[in-house]
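Here it is, the structure, as structure tokens.
The chains carry the letters A, B, C and D, assigned in the order they are written, with residues numbered from 1 in each.
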Amino acid sequence: MRLGMIGLGRMGANLVRRLAKAGIGAVVWDRDPAAVAALAAEGAEAATDVADLVKRLAPPRAVWVMLPAGDATEGALAELATLLSPGDVAIDGGNGMWKDAERRGAMLRGKGVDFLDIGTSGGVWGLARGYCLMIGGPAEAVARLDPIFRALAPGEIAASPTPGRDAGADPRPPQGYVHCGPNGAGHFTKMVHNAIEYGMMQAMAEGLELLHAHDAQLPVPDITEAWRRGSVVASWLLDLTAQALAHDGELSGFTGRVGDSGEGRWAVQAAIESAVPAPVLSAALYARFRSRQDGPFADRALSAMRNAFGGHLEPK
Amino acid sequence: MRLGMIGLGRMGANLVRRLAKAGIGAVVWDRDPAAVAALAAEGAEAATDVADLVKRLAPPRAVWVMLPAGDATEGALAELATLLSPGDVAIDGGNGMWKDAERRGAMLRGKGVDFLDIGTSGGVWGLARGYCLMIGGPAEAVARLDPIFRALAPGEIAASPTPGRDAGADPRPPQGYVHCGPNGAGHFTKMVHNAIEYGMMQAMAEGLELLHAHDAQLPVPDITEAWRRGSVVASWLLDLTAQALAHDGELSGFTGRVGDSGEGRWAVQAAIESAVPAPVLSAALYARFRSRQDGPFADRALSAMRNAFGGHLEPK
Amino acid sequence: MRLGMIGLGRMGANLVRRLAKAGIGAVVWDRDPAAVAALAAEGAEAATDVADLVKRLAPPRAVWVMLPAGDATEGALAELATLLSPGDVAIDGGNGMWKDAERRGAMLRGKGVDFLDIGTSGGVWGLARGYCLMIGGPAEAVARLDPIFRALAPGEIAASPTPGRDAGADPRPPQGYVHCGPNGAGHFTKMVHNAIEYGMMQAMAEGLELLHAHDAQLPVPDITEAWRRGSVVASWLLDLTAQALAHDGELSGFTGRVGDSGEGRWAVQAAIESAVPAPVLSAALYARFRSRQDGPFADRALSAMRNAFGGHLEPK
Amino acid sequence: MRLGMIGLGRMGANLVRRLAKAGIGAVVWDRDPAAVAALAAEGAEAATDVADLVKRLAPPRAVWVMLPAGDATEGALAELATLLSPGDVAIDGGNGMWKDAERRGAMLRGKGVDFLDIGTSGGVWGLARGYCLMIGGPAEAVARLDPIFRALAPGEIAASPTPGRDAGADPRPPQGYVHCGPNGAGHFTKMVHNAIEYGMMQAMAEGLELLHAHDAQLPVPDITEAWRRGSVVASWLLDLTAQALAHDGELSGFTGRVGDSGEGRWAVQAAIESAVPAPVLSAALYARFRSRQDGPFADRALSAMRNAFGGHLEPK
């Protein structure tokens, strides 16, 4: 089994590398020839364009698109729709919008091509740690590509077994990948994953600021280090936080302007569409918005009102 | 009936002036002799110190303390406790903590002196518009000082009658003052009033920022002006907002650093003590805290985490 | 000048009635013949269907659609697009989504027909109190229909003049109506208005619950009555709240399941699209979502986690 | 080295058991004789009352109080203050308020007795997994009791080493315990830990509800199982959640009434005192408050307002 990979940024390239470690080869393409050459030097087969990539794979093919959500992914899938054959599988492993996945699945199904929307978590650590995969699409296609998913996933060893999990239950989730449902379900699940991530990060951040602001100078790096063992907040995010604080307890290399990607936003929108209260997921998103503002209109309006009714001047 | 007034800042001085318009005289004192002289020039009787002020009033006396919450008010009431006689009334009209009012009431009651904690709303507009008074303390003392409260309050004309309000109901609230209960109840009610004020302001501010951020350049000053009539958000805060925007549609004279006083904080704490969810009151308070921060530790922590798991750099 | 009115629910019918009081006639239609007959009995001209309504108006016509947002409005505007002539004006006065207004404006413009999206605030009180109108669309069409807007709006007398408002400024906002910009701007502004309304309501509701939960039994109806005069929270919403509490201080006729319409949701989505923090607007929306849930999955998940790590049982 | 343990509930008893596994004996007392007998049967030395417990220990003594925060703890420490000798150490390992720890530390210091406030995390899993300890108090006392802390803590093996942590840094945090500062610092840190825990739990809960509410029936138990490996939200709380969902994917054994203890509340209050925005920590707390309410006054007030201005009836 070989995989076509379109898009050799950090994520795409490392997926190929992790597959190679498991003996699964790849035909690769990127609009940046240097990226292709780098992977080729490591043993992947280089393609000159998408059509060439498709040609180099034997049917039934599997082609993974790992590009920025939006136009880049849309274009690649549209091109693949014209090149792939019935029975092939096209994959969007990026951070796409789940409704786009539903639409793209229908579009490709119309050509007899299976589509999988896969939420891929793991970031810069995925190559070593394995990727958690949240997969939407037809069960048969998911089953056929199982060796690929199993190679990419962290494997059972990455966590202790869950007591009480039924021995007859789906064996894939304990490996770190899960078939979430039809097209859209993979990206929907990844969206929720990222929203939870935002919320957990914000909970941690608020707590750390509380520690940092306390009169008694608390050893914040040591506290996060201790929490990694035996506490209720032990988590991978805490591991990374302890690591960053070990490097610089004041985090002075950061200005505090915090980016956000589509998924945190879509999750709040999905919550609203489903009438699900999501105060923490929203608060986490807004904290990021606010971190990128200086003296926003809302705050000036508050100052103007206070001045108007109470004669209050703005504090220094 | 005459009133002793301790503290001739904007609020204290204007209370005296509004009483004078209703033919109620005052004996006044402030640690700033110029403030005393100014009121004396307008007809008030000047006292040289608190003891002198008490001496100049005939029992049963009523002495209103209008000083910053905290030490200033505490000191003045402690001094009054030694000077007043049984049957006198001491008033704290400032923004005190309601638990302090309970304590102070008990302390003065021990000397036979009645205590009233009065939340006084009206700000810089109170002289002309009247003051909304929220009164805690013994019913008899409240009744005895009724002419003072009636003179300070805006009066029935300030709003249309409430349909369905029982003809036999307490006639004071439609004048703009209310006996809320025993000591503490006045300041508790004022605290809740201010918390609602914070929430309403923040609702308005967020909406205005949404309008301001919209692609189509919306005429925000005109919109707020139109909303003053017939809309659901018509309110005094909106009147003031429209006024500020009429002056400068960009509110560019403000930096957006927004102050907060004790009451918004105490209200959230009271909510927590009563297990009452208060998401809006809290969010309004936090928006003010956040407005005074630059690159807080929490936001730097978020950036550090994003960098650690995803290699994300901070946005510009 | 006459107006065609499609949709004679409470809002549509009362708009016609308020116009009639100003001497502006209407041709009316509704799918419910009884609603048409009722208005006809009051002097409006009855139409038998939309085509008939259009025929009964002399060009250039103005036809106001006052139907539920969504299919009903979409259908009526589509039908009007086939019936109206260049130079006519079609109006959507309902609670439509602002992006739909942009689209509908373009659609009708393609036929030479002007489109106005008008946010109409006033509810059951509008007939007596006047309607606050937020108008999006071409300036010429807005100008041509000015007599209609002026008749519907509350008029300058509904509020005191705004000090500092430029004498040369647009004279319409002080009447209670405002031209917000091109198509979409009217409904966008109405959406923001409603979101502010949600936020103000929630601020008030949280404060009232705090008063209600206080140990000392506070006279909540009297407090809201007093706040109506001289306080910072004086507002139309407070007037209505005082009215409801005068009727029943415990509000025991209500279960506390709170509905929400599209606009509060769209506003949060617009905030997210513009990266504007909207914690209060969101919290107000979520409080409504939550009010309609019993034992939601999220809360069961919290209980399950507490049980799992701490052995905690659920409280009674 | 031996430890006196007062309070043999689940936490106290298991602390004794974990110490015993490390060869550290204990003298134990509880007001429930059966609890004392049970521990004695496992090898601990039974005391008949607190005075007897103190007598059975050789100075310098260490006595750990593991009782509910509040009166029980206060009483035990007051009694110990009369029984212990200079050089002894009294420990409060419960979930006390950090300001109480400051006060108690000063009180005991006045008697020459050292006091340690220790936040103890680990719950029902601590016996097997070890306890994360957050310690406040004098450095010398912390150092003297190091064997006890080391025995209770999970040990270095419980997590992988933190890359970049200085080899010369305090060796205790990587074992799972940390000296946070003077008295109060331990309980303050535990309070923040619990607040973060609340926030993380609520983030998870909201995300799970989103998954659960999605149209496509998502396999929530499998999704949480997969997330345990390689995802960004991997955490001990997720492990427990997956476990609960493996048992019952609908969590139907829970009603969704969620308890809260003092620490989540104190943390929000501490945030307010420090002017630190804590939207997520607060939202998590409020969600629990709300989970225990049915038709609260706030929601009835919203319904009343909607009815008053718009004639809206409550949804079913």
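Here is the rule we go by: a contact is a pair of C-beta atoms (placed from the backbone, for glycine too) under 8 Å apart; a residue touches a chain by one contact, two chains touch by 3 or more.
The chain lineup, named per UniProt: A, B, C, D = Decarboxylating 6-phosphogluconate dehydrogenase.
Note that the structure is a prediction, hence the values are computed from the model and not measured.
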Fewest hops from subunit A to subunit D - one hop per pair of touching chains: 1
Could you compare the number of C-beta pairs in contact for B-C with that for A-B and name the larger? B-C
Dist(centroid_CA(subunit B), centroid_CA(subunit D)) in Å evaluates to 40
Using CA atom averages as chain centres, what separation in Å is found between subunit B and subunit C? 32
Centroid spacing, where centroids are CA-atom means, of subunit A and subunit B in whole angstrom: 49
Mark out which residues of subunit D touch at least two other chains, giving numbers and ranges. 123, 202, 204, 206, 209, 213, 232, 236-237, 243, 276-279, 283, 286-287, 290, 292, 296, 298, 309
Considering only the defined contacts, which subunit D positions touch subunit B in the complex? 232, 265, 268-269, 272-273, 275-279, 282-283, 285-287, 289-290, 292-293, 296, 298, 309
So in the complex, which bits of subunit B are touching subunit A? 10, 123-125, 201-202, 204-206, 208-209, 212-213, 236-237, 240-241, 243-245, 251-252, 254-259, 279, 283, 287-288, 290-292, 294-312, 314-316
Would you pull the subunit D residues touching subunit A in the complex into a rising list? 121-123, 126, 129-134, 153-156, 158-160, 162-166, 169-170, 172-182, 184-185, 188-189, 192-200, 202-204, 206-207, 209-211, 213-214, 216-219, 221-223, 225-239, 242-243, 246-247, 267, 270-271, 274, 276-281, 283-284, 286-287
